[in-house]
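Data first, discussion second: the structure below is written as structure tokens.
Letters A, B and C name the chains as they come in the text, with residue numbers starting at 1 for each one.
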Amino acid sequence: MNWSWQAAVESLPLLLKGLLVTVELTLLGSVLAYLLGLALAVLRRARIPVLSQAIWLFVEFVRSTPLLIQVFVLFWLLPSLTGFKMSAFVSGVVALGLHYASYTAEVYRAGIDAVPKGQWEAAVALNLPRAHVWRAVILPQAIPRVLPALGNYTISMFKETPLLLSIGVLDVLYQAKAVGAETFRVVEPYTMAGVLFLLVSLPASILVRRLERRRAHSA
Amino acid sequence: MSNVPHIVTSVLSGLTATVEAALGGIALTVVLSLVAGLALLSPSRLVRGIARVYVEIFRGTSEVVQLFWLFFVLPVLVGFQLVPLFAGIMVLGLNHGAYGAEVVRGAVRSVPKAQYEGAIALNLSPAQRMFRVLLPQAFVEMLPPFNNLFIQLLKSTALLSFISAGEIAEQGELLRPVFGADLGWIYATELVLYLLLAILITIGMRALERSAARRLGRTPPARAKVFASAGGAG
Amino acid sequence: MPTVPDPLPPDPHAMIRFSGVVKRFGDNVVLDHLDFTVAPGEFVSLIGPSGSGKTTILRLLMTLEKVDGGTIEVCGDYLSHVRKGDRLGRADEKHLRAMRRRIGMVFQQFNLFPNMNVLRNITEAPVRSLGLAADEAEARALDLLDMVGLSDKAQAHPAQLSGGQQQRVAIARALAMRPDVLLLDEVTSALDPELVADVLRVLRDIATSTDITILCVTHEMQFAQDVSDRVMMFDHGRVLEDAVPEKLFSEPGHERTRRFLRAVIDRE
């Protein structure tokens, strides 16, 4: 076995620095995905003639194509078309947010559809304005239902961030690669990177599962 | 404009590797999902434990990290270097097999308990119970989630560009420094290819679902969309 | 259908008027050229077998469904049409919202908002759609809760109430809008038998103490007989019989009515 505990420990500081970046990417990307997904779901449901179809097409397209290509489009293509260049980190956040918004939009849709039709009908009978029905009746019932699914997508996003090293984002994997290049020992940094992922995602998954179980009980 | 045919053919040259990786990955995923999924349902705690460790490790770590580990670390540990495509297929299969194991487990458990009890009453052995009663019924339930999983896998083949397996994403990136003005064409071609492949997968899975449901005497739920319904991300 | 040719002028004396109303669900014609009127302040019970179209009538009035043919008038105005020259066209959402102010509905499944407490369920619409001040709405709500016998439940959540209590809150919620027309859609059908009486008592009070026009789809024949000014028996989307309760229940004109009443009343 070709393992050095010393090398493993020495790789940690840089790896943890990268982990911080990974966590930042995940949190910012998640916020964007949560908000944008909700907007997409509500707009789609509003059934505005051209807009709703366009949204559906966009969502299906983003969902069915690789995140990596979408990252490249934002980081390489966008500047060449519009002259607007985002840093690697920002490109990463936007790409993650857009890509995962296509997932969360579907999650929100399911949650909204699960609200009983009678709630909509009572709101019509009471002549409540449409926007207010969304805000005060439908979303307060739809969103709590889908929180576990949203949590799971955040965890998925966390695990997908390493592909951003392709545009030079200084995440965990980038740092592992850097350590490997410097010390010529690849075993320890890459293994420790994997361990770090496990250490974060396993407890997170357990938390989400517990949240799911609690909802199922109180429902 | 005159670059476009060259760009399209260059990107297309990656199609073979993408399809090979996807098919190989799907095949390995199916095998591992079944084996690990059934292992998760085993009465033996040891078997369940081993399967659970496999599932949690491959679900809990990043696929990119797994790819780097298999391609860069494993050779150092065991002495031989895996061919990129093969390493890619291994990671795709191992990673998505872990998710697939949960799908299999969930689908078998969703078969009504009455079926399981009927099989016991008929004095079928555990193997017969699983393979002749439970799995055939669970099969139809598994297909929509596997449809999503296979499309995830297809999207993940793009990650093989990190280890130079010659697939679509890598071909595009090779063109980028040379054809900086035609980036739109490069990425448009790539995206359309992936989209078409995803649609092909969905069409295949829907056909499979219809024939499996027919054999059970059921009609599968009508689905208007050509695209797969949302499932989990990786 | 975009326009109605040669429409009859609105009838100012009727609170509700259906003229040649047709409603289809797919190939199924649920209402087949239905004509009837309801005078202001009348309590009309709609009885008949399931699928005869009674609930559809209420849903059309509440604009939850659209007519496929014919017109509906409420308080002398077309419900979902507007005059365009000498023809009628479909009304827009603004018109529908104005018409909806006069109509309230209580549903079989109560449909209270689970994320709000009882008081907020009742005050929400008066504040948000009538523009009432919060304290005025609250005072109105507390009065109504008193009327339905649930003053002590103002802060409770729907999940903490029994079916009968939820339905009484739903009634208070509808009344808080001060509608001219109240639609009751099998409001006791989803309740356990012991809870039905309390709800019927409240409805009786409303019928006698207010001049709201009420359309009540119900299977509670005794209640219909006691409280209604008029009973309409429906079958296959048409009015089979339309008479005062004394007449319809004791000497029904149609064999179908007789059979229906016998089946329903013998069951109780």
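Please note the rule applied: contacts are C-beta pairs under 8 Å (C-beta built on N, C-alpha and C of every residue); 3 or more make two chains touch, one makes a residue touch a chain.
All values derive from a computational prediction rather than experimental measurement.
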item: Chain contact graph, described as a line, ring, star, complete graph or other shape; value: line
item: Chain closest to the middle, measuring from C-alpha centroids that were averaged per chain; value: A
item: Top chain pair, ranked by how many C-beta pairs fall in contact; value: A-B
item: Mean-CA-position distance for chain C and chain B (Å); value: 54
item: Chain centre separation (chain A, chain C; CA means) in Å; value: 47
item: Distance between chain centroids, defined by C-alpha means - chain A, chain B (Å); value: 20
item: Residues within chain A bordering two or more other chains; value: none
item: Of all residues in chain A, those that touch chain C in their complex; value: 116, 118-119, 121-122, 124-129, 132, 136-137, 140-141
item: Touching residues (chain side chain B, partner chain A) in the complex; value: 56-57, 59-66, 68-69, 72-73, 76-77, 151, 155-159, 161-162, 169, 172-173, 176, 180-181, 183-184, 187, 190-191, 194-195, 198-199, 225, 227-230, 232-234
item: Chain A to chain B touching residues, read off their complex; value: 1-2, 60-61, 63-69, 72-73, 76-77, 80-81, 100, 103, 106-107, 110, 152-153, 156-157, 159-163, 165-166, 172-173, 176-177, 180, 186-187, 190-191, 193-194, 197-198, 201-202, 205
item: Residues of chain C that touch chain A when the two form their complex; value: 62-64, 97, 100-101, 103-105, 107, 109, 111-116, 124-125, 128-129, 170, 173-174, 177
